[in-house]
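First chain written, first letter: the chains are A, B and C, and each begins at residue 1.
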Amino acid sequence: MSDTMNNDVLLVAEKLTKRFGGLAANQDVNLSLERGKLHALLGPNGAGKSTCINMLSGDLPPTEGRILYLGQDISRTSAAQRSQLGIGRSYQRTNIFPKFSVFENVRLAAQSRNQRAWKIFADAMNDKTAVDKAMAAIEEAGLTSRAQRIAGTLSHGEQRQLEIAMVLATDAQVLLLDEPLAGMGSDESHQMVELLLKLRPSRAILLVEHDMDAVFAVANTITVMVNGQVLESGSPEQIRASTQVQQAYLGHEEMLHV
Amino acid sequence: MDFYSFLIQVLNSVQYGLLLFLVASGLTLVFGIMGIINLAHGAFYMVGAYMAFALSSLTGNLFTAILLGIPLSLVFGAFLEWALFSHLYKRDHLEQVLLTYGLILIFEELRSLLVDDEVHGVAIPDVFSASIALNDTLSYPVYRLVISAVCIVLAIGLYFLIQRTRLGMMIRAGSHDRDMVQSLGININLIYRTVFALGVTLAAFAGMLAAPISSVFPGMGGGVLIISFVIVVIGGIGSVWGALFAALLVGFADTFGKVLLPDFAGAIVYVLMAAVLLWRPEGIFKKG
Amino acid sequence: MSKHIPLILKLIALGGLLAFPMADSPFYTELVAKTVLFGIFAMSLDLLVGFTGLVSLGHAAYFGIAAYTVALMTPKYEAASFWTTFPSAIGISAAAALVVGIFVLRTKGIYFIMVTLAFAQMVFYLFHDTALGGGSDGIYLNLKPDTTLFGGKPFDLDNPFHLYYLIIATLVVVYLFLKLLLRSPFGKVLVGIKSNEHRMKSMGYRTFGYKLAAFSIAGGLAGAAGYLYAVLFGFVTPELMSWHQSGNVLLMVILGGMGNLVGALLGALAFVAMQEVFSTWTKHWQLVMGSVIVLSVLFLPGGLSAVPRRLKAALTGGGEK
């Protein structure tokens, strides 16, 4: 894509609603993700952030509402189809192939872009496109020195980086990142923030995160959810100034004044 | 098919379906609550039938045989849970398949050693040996009606047990979260042992009831096991009412299949299962 | 050097198999042939259980379908052509697996185990109840397939040694086929599905198609074994597709350690050996077999294949729980 399309809106959620039985986990959620922008999703536990990201990624079908990718309705497509369109996601709980090497984890992700996957007699290691793409993604995520390690033996922070590398290897244009900083130490968090800033210009990112420092450091737009509904959406300054948000986070206001 | 022949087939379907329900309900409870796939469940049906055979030749009476057989089955089930199945809860399905497959081999050989490999009949108790005349030529055996009646009573009892009793409540809770129930101070091991013993006894009881009409023969457990799997797949794992519905469905499909399409009778219930899989891959009465 | 040891061991084993008929014991030659074809059967199942994570308890159906294919394609007083029956048997069992796969792969876990078993039972009843394949008695294959090709006869299946070498050749071909398959991008996807199917989907893989292809390929390879079985023993019965047969082949895969092609072969060897040894002790040899299985699950979590590793750990003092 050329730079002139940098501000294009890639993914839009319109009145997204998810009910489990009678309970509305998400109610009329509107979101818009643009290339070059990082959109953060905040809210207390149980606010419906994970449900929202699961609907956007295709892991959960919405009960009502629409999801548009480049203007096309993709509400009923599967997770695999959305990945092929260019929507990639990472998971809140590390979701990798723990027994494979770091390289194989990312190579599998890269291979998914390639119909050669159906060739049954070619050596997978001869698929240079996938191998190169995997190495590039590993480097971008800062894991080059760990490439041959077994993924399950990496530190927690490195496994989170691996998750990102796997998403990058699928050429995702939209990154849906579910708490990539969860459980990280401050050094690791710092590295991840650097990585997010590096990725931001060329992609559209949705970030679900509890770490306020990180969110205010990287977000262009912030949406705050409470009880499955959007409470407020706007620039970091607007959110910081919002009395509604402060009330919702009663007792946690100090977190918003960092 | 005239009305009375049709009626006989309907009664047979219901009787067969209800009997299968007894076996399948135990299977689905053990699947649903304990998360165990038990290939040896059909063997419990066989054990019940052979108990009816052995005990009724010993005591000369099927009633006494059943009265003795029920506590024996309960003890047998509790023992198996303690000795074997309690070690399987945290294992993967493959190991469960393996152990219970080994059990089938053991039960079949013990059956062969203790009894023999012949087919044996079991006498219907005299009180129920009569038939009800339907018209000049057709009649219906009282004993089959008795089987249906007993099964219906048991199904109702099971409903009350699960929906209305404290044990049933714990059973329902246990099926959701083992650790949570444990943390409430409920003895989950005891619940599992009870459920398993109950499942074994239901299957064995079905075998005892069926012995006079099906006779007892080697390998009789295998067929019942696979039909019970079909029932659980159609009804949905863990759903006792799904099992009841599916068992009756299978009872009708099999009975009428034998009359209408004798060559394909064996395959017909599997076609039914295939259709359900296309429509609702997790069973008609899938929970949640 | 040390990295060549497995290859050298495999070549020695192959040499042993090739030289075996020199021992001039028809009984043992047939027994080894039977073991090898069960090994092929077990390897085909291992593709599903050990590499794709699909625990099928109905794999004997495809073994049996291929056996019936050659029996039904052979006229009563005339030999059928090897060159048409062998590919047909493999093709038909693969096609059957493809159709069944469309149904069973809609399910997971315990459901999958039950449903594969149930479909195999359906096939069993089709042959057991209908006149199609001689009913419950099965049918004899009076004449082994004829290998005439372009007027010449490269080998003769009536010659036990030729048949033996055909079975060994099939083993080698199936082994190499699976090795290549598992090295390919396709194979990598299967192993990924076993490890974490959900993640594979979220990375854009339509896993159903891959699983279906694996199911069908495994069915076809089981068919190759079933064909050879029918030719070797000269008769087929519905028992070939009974659920005991499916259970036994699963047992072989587990005995050999899942996800290991040579292991599947060794599992078949262990199974046949146990069967032979126990059955000389007692007519009730299944009692011993069943007890061995139950005890090994209880006391050897991780399977028999984990024994060497555990022994090694114990000997070197390496603590393994």
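Just so it is clear, a contact is a pair of C-beta atoms (placed from the backbone, for glycine too) under 8 Å apart; a residue touches a chain by one contact, two chains touch by 3 or more.
Small disclaimer: the values here were computed from a predicted structure and weren't measured.
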Chain pair with the higher count of C-beta pairs in contact (A-C, B-C): B-C
Relative to chain A, chain with the most remote C-alpha centre: B
Chain A-chain B separation of Cα centroids, rounded to whole Å: 49
Centroid distance [mean C-alpha coordinates] between chain C and chain B, Å: 32
Intercentroid distance (Cα basis), chain C paired with chain A, Å: 44
Chain A: positions in contact with at least two other chains: none
Shared-contact residues (touching 2 or more other chains) in chain B: none
Residue numbers on chain B that touch chain C, as the complex places them: 31, 35, 37, 39, 84, 87-88, 91, 93-95, 97-99, 101-106, 108-110, 112-113, 222, 226, 229-230, 232-233, 237, 263-267, 270-271, 273-274, 277-278, 281-282
Residue numbers on chain A that touch chain C, as the complex places them: 57-59, 78-81, 83-84, 88-89, 91, 95-100, 104, 107-109, 111-114, 116-124, 127, 130, 166, 170
Contacting residues of chain C [partner chain B, same complex]: 49, 55, 57, 103-104, 106-107, 109-111, 113-115, 117-119, 121-122, 124-126, 128-131, 243, 247, 250-251, 254, 258, 284, 286-287, 289-294, 297-298, 301
Touch list for chain C against partner chain A, complex: 180-181, 183-189, 192, 195-196, 198-207
